[in-house]
Amino acid sequence: MIPTSHYLALSLLLFTIGVIGVVTRRNVIIILMSIELILNAVNINLIAFSRMLGSVDGQIFALFVITDAAAEAAVGLGIIIAFFRNRETVLADEMDILKW
Amino acid sequence: MEFFRSHILSVVLFVPTAGAILALFVPREREDAHRLLGNVFGFLGLIVSLPLVCWFKPDQAGFQFTENHEWIPSIGARYTLGIDGISFLLVMLTTVLGAIAILSSWSAIKTRTKEYYILLLLLQTGMLGVFMSLDFFLFYVFWEVMLVPMYFLIGVWGSERRLYAAIKFFLYTLAGSVLMLLAILSIYFNYAKLTGTYTFDIQALLTATPQFSHGLQWWLFWGLFFAFAIKVPMFPFHTWLPDAHTEAPTAGSVILAGVLLKMGTYGFIRFSLPMLPTASSSKIIVNLMVAISIIGIIYGALVCMMQKDMKKLIAYSSVSHMGFVTLGIFALTPHGLAGSVIQQVNHGISTGALFLLVGILYERRHTRMISEFGGLSTPMPNFAAIYMIITLSSLGMPLLNGFIGEFTILRGVFEVSKAWAAWGVVGIILGAAYLLWLYQRVMFGSVTNPANEHLPDMNARELVTLVPLVLLAFWIGVYPKPLFRYLELPVKQIVERVNPGYYAAEPMPPTPVPIKMPAEKPQAQEKK
Amino acid sequence: MHIGFFLDHIWLIPLFPLASAALMLLIGRRLPNNAVSTICVGSVFVSFVFALGAVVQLFGLPAEQRVVERILFEWVPAGPMHTSAGRLVNFIADWGFLLDPLSSVMVLVVTGVGFLIHFYSIGYMGHEGGYYRFFGYMNLFMFSMLTLVLANNMLLMFVGWEGVGLCSYLLIGFYFLRKSAADAGKKAFIVNRIGDAGFLLGIFLTVGTLGTIKFTEFGAALAAGSFALGAPALTAIGLLLFVGATGKSAQIPLYVWLPDAMEGPTPVSALIHAATMVTAGVYMVTRHNAIYQMAPFALEVVAVIGALTAIFAATMGLLQNDIKRVLAYSTISQLGYMFLACGVGAFAAGIFHLMTHAFFKALLFLGSGSVIHALSGEQDMRKMGALWGKIPATAKTFVIGAVAIAGIPPLAGFFSKDEILGKAFEHSPLLWIIGFVTAGMTAFYMFRLVNMTFFGNSRVPHDVEHHIHESPKTMTVPLMVLAGLSVIGGWIGWPAALGGSNRFERFLEPVISRPMAAHAEAAATHASAMEYLLMLASIAIALAGIWLARLLYLQRAELPDKIAASWPRLYKLVYNKYYVDQIYDAMFVNRAKDLGTTLGAFDTNVIDGLGVDGAGWLTRFTSRLSIWWDTWIVDGSVNLAARIVWIVSFPVRMAQTGLVSSYALLIVIGLLIFLGYYLHPLRELRTLFH
Amino acid sequence: MWNEFFRREDFPLILPQVMLALFGLGILLTDFLLEARYKYWNAVMALLGVGFSGFSLWRLHSALVAQQARGQEPWLLGFGGSVLVDHFFLFFGFLFLAATALVILLSVRYLEIEQEHHGEYYALMLFATIGMMFMTSGYDLIVQFIALETMAISFYILTGFLRHDKRSNEAALKYLLLGAFSSGILAYGFSVMYGAAGSTNLAEITLAFTHRQPDDILVLLAVVTVAAGLFFKVAAVPFHQWAPDVYEGAPTPITAYVSVASKTASFALLLRLFQTAFWPARPSWVMLVAGVAVASMTVGNFAAITQNNVKRLLAYSSISHVGYILLGLVAGNETGLQGMAFYLFVYAFMNTGAFAIVIILRRKGLIGDDLEDLNGLIQRSPGAAVLLLIFMLSLAGIPPTAGFLGKYYIFLALIQTGHYVLAVFAVLYIVPAVYYYFRIVVHAFMRETTDPVRPVVSMGQAIALTVTVFVVLVAGVYPEPFVRFASQSLFLPFGPLGR
Amino acid sequence: MLDKVVFYFFAGLAVLSAILVVTRRNVVHSAIFLITALLATAGIFLQLHAEFLFAVQIILYVGGIMVLFIFVIMLVNLDVALHQVQFNRQAWLGVLLALVLGVQLAVGFLVGRTGVTFAKPSGGPLEPNTELVGRALFQNYMLPFEIASILLLVAMIGAVVMAKKKV
């Protein structure tokens, strides 16, 4: 049997990679993807815990996290489209009207 | 009538507010209506405060006309008003000066009359509230409230650098008062720790605060100190004052110098001393306070010498005069305290009057530069006469109010340390120098500046604003006995706290022994 | 208890002048001149009558009851206080008046001479503008002076003290269009203020030591306090009060204002700067004789300063050419005499001389005024001469005055001066010599004055010469009265040695506390032979002075220049009043000038305005300094704080780059910090490998 | 349909939210039927929804009171312990509804000017409100998380609602990316909590955590990550940077809504968690929160001083307000927590009021969020100027406005708990605050008018302004009832002051 | 033994493709690798006997969200994007800090692992999984489910409002 810590390690890795993606990439779509990665890490955590604790709550939680991920993705992509319409770019560091 | 008698303080307090609210409903275009309204209510405020004079019993200890109502039970803040001899004098001063200030700005204010009078009336309420409230929370509220109208008076109707002066005034005072808020809160909290009840009632706090540990009192003293010292203003914190006084409109300067500054000294007398006796009578603090007071006296006077701007000169002179007041307070002797209160009233009268006079000139010539004037006593004899009287009262000429205050203060100070009194006397000499020199430059000599040749002398309204002050000056100078009577008991209470056993000393035996020739007299003669 | 109408109403004496003064200053402008003069002179006359009545009634009382006190109301009931001995006393300053022999002498002098001078002014000021103002101030002065004299406590005395100072300020600056007049006025006021400061501190110290400021209680308090002779506190009081006296009575070093004060109209000089105000110092010292007698050192100081001033001023008077300035310096020197008298304990003699001096000095001033009047404003003696025939009344009275001041018996000056010299001799011969020499000089410069003015050949410019005229009666009558007084005024003090019985001194005894008086009597009796010698000596030197003046300025008019040539430096030194003003200038004014040039154009006003008083340049320097400090340090720090806040604000905003990635990075950093806060490396690593 | 898991008596507990949901859907439907100039009916309907929801909230309140009278504990649990109705919830529920109503009133004219007057706007606002309410009443991590997301996502959309405005797009996108990132972190924290406590129910988590050490690192991991997520939502330093941009870019009513409602809701959640689950670990996080508070006050005040854009300035000022509110948590005694509640209450109204002034300045061709746009307001519309003054004074904390009392409680709490240094800090930061608030006042009162156009005030705006100023003044002059109301909210089950 | 292999395979795959997601220049590639990463995660779920979640993961994510992503990518994809720099200026700093963060969390778990039974092999599977989840969802978690519906409604509105050319 795999100890829970391995799952934690895995989720931690994914989480870190996700964070790296968020803070390094210029393309907002990829930033969004990285966020999806982070949420996945969370899911792995939750399910591993639910397995460890033998309680189903974790899986339910994961289910809602997925839902939320979906929602965010949908809205996010919608906004990206709207933004793209006005600005002809999807690069994060080109949206800097608002600063200081 | 019965109601009026039992709620007179509230009435006095809120008559100006009523006026302000009324003015809200008058259209802003009808400027004269606003002028009239403002003056009516300013005067009304004075009228309703007059009964105090007859009803106030000087020989009754403690606070009088007290009103006490629920306000915010959950924090123990109440609506408590009341006055004793000290606050009585200051309240009267406020009502009188308030009415005069409002009257004085009849023709001076031409823009945005509505706001002007509303603010002036609100300011009046705020100041009265500070002197009347017996609830620390209420006190703080009024203390802060009165900042705002003053800010606008300076900032909107002031002269060139008004914005700078206004915000400087506001921030300076605010910085002090927020620290005071902390001090108030910790007094409130420590009182609760001591007695188990949360209250802001000053009379209640007074009973317990002296039991605070010396360390705590020490910190509390400094907490309160900045608020008061900045208001007074004591030496290193005075720089807001010249700007504010100079930029403010005449009425503003009158109120500022006449009443606002007194709040600081009032705070010292009402709170710092009686509430924190061990701290405020500790050697270090007393010496420090006296030191900066004396520095203030000399310093203010010296700076006056070189001012080119009349208002600035008078402003700095108030630094010097208020130095006397704080000096008297921290002598911690009956004479010092009584004198300092009287001197507060005097300063209110004479400096207020000086600002009025300068305002009169400013209205005619739109400049305050001394060099612009000269030989005015030829075109404006009445003006010159009144100016002379006020100058004399301000430099402490006997038979005028200033002398009584300064003498009593220095008397009390001398009792503690001769050196301090000597410094004070130096201050008096310098005072004579710069005031007379100002008078000479403005009034004497022949008219050099053609613009001054046909200045009209004072008109009836201006006379009405000044004559009362002149009469008061003479009255206090010739017959100050009533003032002393009002002050006797409150001062006694305070001194017994900060200087216990003062009144217990054995009296001087009045033994009219016939003079006997000292035995060694002859040898003393032979010696030479 | 009613002891006579006038005595019960002494408080009315100062009131009349006050009333008319108020009247003048309020509505005077609308009154015609004759109404003004009637009211003002009348009021002074009435108070003179009241004073006379009161004094007469005072005489009616037995000697030991001759102290009448009338209290109007409590003035400054400042309440309880501690004395330096730690006793608790109740400080009260009454508004009360005290009539005793001492003050009765003064009140008579003041009202009497005052009345005459008022009367004289009617004529003298007739053509001046601001007639009502002049008389208003004069009456105000009378009020203050009378308050000073009649006050029953130090504080009230101080009121009068300041009041007369103010009036002299106003009257000196009466021609306020003349800058020099205004300056002289301010100079007088501020110099006086310095003296007053001493007086004020003296009052404080007195209260602190004796616990009272009522003159009538000093004796008791002194006894109760059981002070040793020369107790430091008492000495300090004495010195402080004397500082006040030097200011008011123009003694070294504060005499500088008096000569300048001659800028004022002549009656003012006569009333204030000769007869009354300047003698206030002497009166004040005498008032406090009870204290002074317990403080020998203070008395020594008084005596020495007095003597020095006397001779110093006299020498300065020798070569003055301005008629009024000569008189001014002689006044200073005579005041020196009075202080000398007080200093040696002969208070009675001091007051005696004060009185006689009041008569003949007022006479001299008014006379000089009349001369100036006649010469239409000319004050320089080098442009006078040979006026004897042209203005006889003035001339004759003037000469009487001169003889009186020179100290030729039986005129007033002789008795008083001689008594002082006698007392001085008993005290210490040195002081006597100084006084003696001074007497000679006095005689010399007075007759120099007389000769240059009335005799010799006329140096008057012709345009003026035509309309030289005798002054109107209103001016000459007072001259005559005063002349009369200068003749007989001294007789009431006819010394015992000459078979008289010094009534004056006897009269003052109840006030001058016993020991000194007794002592004095003893002296007076034991060495009468010595006394005759002294009298002869002083008469001799007076005559010598007169002869010298005659020799130099009538017979051999070329001599003075020869002398001047032979001792050029001495001559210049004395002629320029020992360069005192120049020294003050060099010390203060020029420093100030250097500073002023650097500091700013209008400083010259400051220099003229304040250069005189010692603080002058220092003041300006420090005040500049403090303004600088104010703007740059105190205020600067505040503004600096504001500036810093403002500046710091920008980087904080710049952190707001507007870039999502950097925001995200900051979030990460925040997390890092949080976690780092918990994972203190060391502790964790230890628990890591268990 | 009722069963042992979904009982009839549970239903009233979520009735307020249900009301909102119904009206939200209703708006979506009727929106199609309304032509452009009748769109304001959506607003009316939304207000109705808020009203109904408020009514049912009131019923809950009276139920609780009755229960208290019967001597039972003052809260109702439902849905298998995943929903809790207590005074805490009621207090904040009313607050959310009030804020929502005000913003709706302010929105109508604004949207007309923007020509973006759609039903979705109001629907989304109602849905966001639902989210906030469940955030407060949810007693289960899952409920809280999902509710939080509901609110957040609605706000992303509302922020970007002006799709043709570059600033709006950008704000929305930034908000979304950072928001999603932070909620990812938050979710991670929740997962850790779940793992460490073995349950998602707050009660059980609290019990589990009370058995652990205060410095148990797992709990602290949870604290840190959750705190990071929530600090982001309340815009506390160093997670604040989204706020200024979003505030500036979003349509002004939404700016007000974000700065008031979302902040308050997140604070409610934060308080709920920190007072129950995380309370045992208090010793180890109190300094952390203190640090954040001081940092927030510093950054907020300093950055605001040189701002020339009113919305941005208010954004920074709101950051500093967060600092003050957090200080209440640092003190952590009754006064402190009561102070936080009261402060949030006051803050909601005064901040809405301040933004309302900016909103009424909006007109065709003028955004009205620049300081210069305020010049000479006193001549153009004295009323607005005076209100502006009052709000600024209240924000600065000058008596007799409500803002002062909010600060009063915080300071008192700090002194009671002996945090004197913090107290001095907090107090002195009032001075720079006054400075920049008065920059606005100076422009409104002491500058010459630059454009003479008098701002027109629609009825809705008028009502909103009246209500806000009324509350700000009354709560300042006679705060007693409000204080009582706020202090009720303190006693939550398992909370430090819970019964 | 078997599920060890399965776990490490899927874990490795997940991590690898995750790395590729954040490093690829071409957005489309990143999307593809994201899909693989999600699938790998799904595999982990399966290996954890969370069959229902496995299904949801594949259907919702891979079937739903990713399609959306690809769609948007196609919509906004510019060939210029390929020639642009893909990493912002703070990239290296970002990587560093992110790694530090990961390490810190790891240390945290290592230190705190005594607190819970992480080290123990996880307990038995929850069987029958789908039924359990279903019950839980429709009994205890009825309410969140309802809220989620609103959440999705909001998302829908949002997507429509935002993406629609004109309303």
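When the chains are written out, they are named A, B, C, D and E in that same order, and each has its own residue count from 1.
Here, a contact is a pair of C-beta atoms (placed from the backbone, for glycine too) under 8 Å apart; a residue touches a chain by one contact, two chains touch by 3 or more.
Predicted, not measured: the structure shown is a model, and the values here were computed from it.
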(request) Note the shortest touch-path length, in steps, from chain B to chain E. (result) 2
(message) Give me the set of chains touching chain C intersected with the set touching chain D.
(response) A, B, E
(request) Tell me, please, which chain's centre (mean of its C-alpha atoms) is farthest from the centre of chain C? (result) E
(message) Applying the contact rule given earlier, which two chains have the most C-beta pairs between them?
(response) A-E
(request) Could you tell me which chain's Cα centre is nearest to the average position of every protein Cα atom shown? (result) B
(request) State, to the nearest whole Å, the distance from the C-alpha centre of chain A to the C-alpha centre of chain D. (result) 26
(message) Suppose each chain is reduced to the average of its Cα coordinates; what separation in Å results between chain C and chain E?
(response) 103
(message) Centroid of chain A to centroid of chain B, CA atoms only: how many Å?
(response) 67
(message) As a quick test, compute the distance in whole Å between the mean CA positions of chain A and chain E.
(response) 6
(request) Would you please write down the residue numbers of chain C that are in contact with two or more other chains? (result) 653, 656, 658-662, 664-665, 668-669, 671, 675, 678-679, 684
(message) Among all residues of chain D, which ones touch two or more of the remaining chains?
(response) 142, 146, 149, 153, 156-157, 160, 163, 172-174, 177, 181, 185, 195, 217, 220-221, 244-245, 435
(message) Show the residues in chain E shared as contacts by 2 or more other chains, in ascending order.
(response) 88, 90, 94, 97-98, 101, 105, 108-109, 111, 116, 141, 144, 148, 151, 154-155, 158, 161-162
(message) What's the complete list of touching chain pairs for this entry?
(response) A-C, A-D, A-E, B-C, B-D, C-D, C-E, D-E
(request) Under the touch definition given earlier, write down the residues of chain C that touch chain B in their complex. (result) 25, 29, 73-83, 86-89, 91, 155, 158-159, 162-163, 166, 169, 173, 176-177, 179, 182, 186, 189-190, 193-194, 197, 200-201, 204-205, 207-208, 211, 219-220, 222-224, 228-230, 290, 294, 296, 300, 427-428, 513-515, 518-519, 602, 605-606, 609-610, 613, 615, 619-620, 622-624, 626-627, 630, 634-635, 638
(message) Quick check on the complex: what are the chain C residues that touch chain E?
(response) 659, 661-662, 665, 668-669, 671-672, 675-676, 678-679, 684, 687-688
(request) Please give the residue numbers of chain A that touch chain D in the complex, ascending. (result) 15, 18, 22, 28, 31-32, 35, 38-39, 41-42, 45-46, 48-49, 52-53, 55, 57-58, 60-61, 64-65, 67-68, 71-72, 75-76, 79-80, 82-83, 85-87, 92, 95, 97-99
(request) State the interface residues of chain E toward chain D in the complex, per the touch definition above. (result) 105, 108-109, 111-112, 115-116, 139-144, 147-148, 150-151, 153-155, 157-158, 161-162, 167
(request) Please give the residue numbers of chain A that touch chain C in the complex, ascending. (result) 19, 22-26, 28, 31, 92-93, 95-100
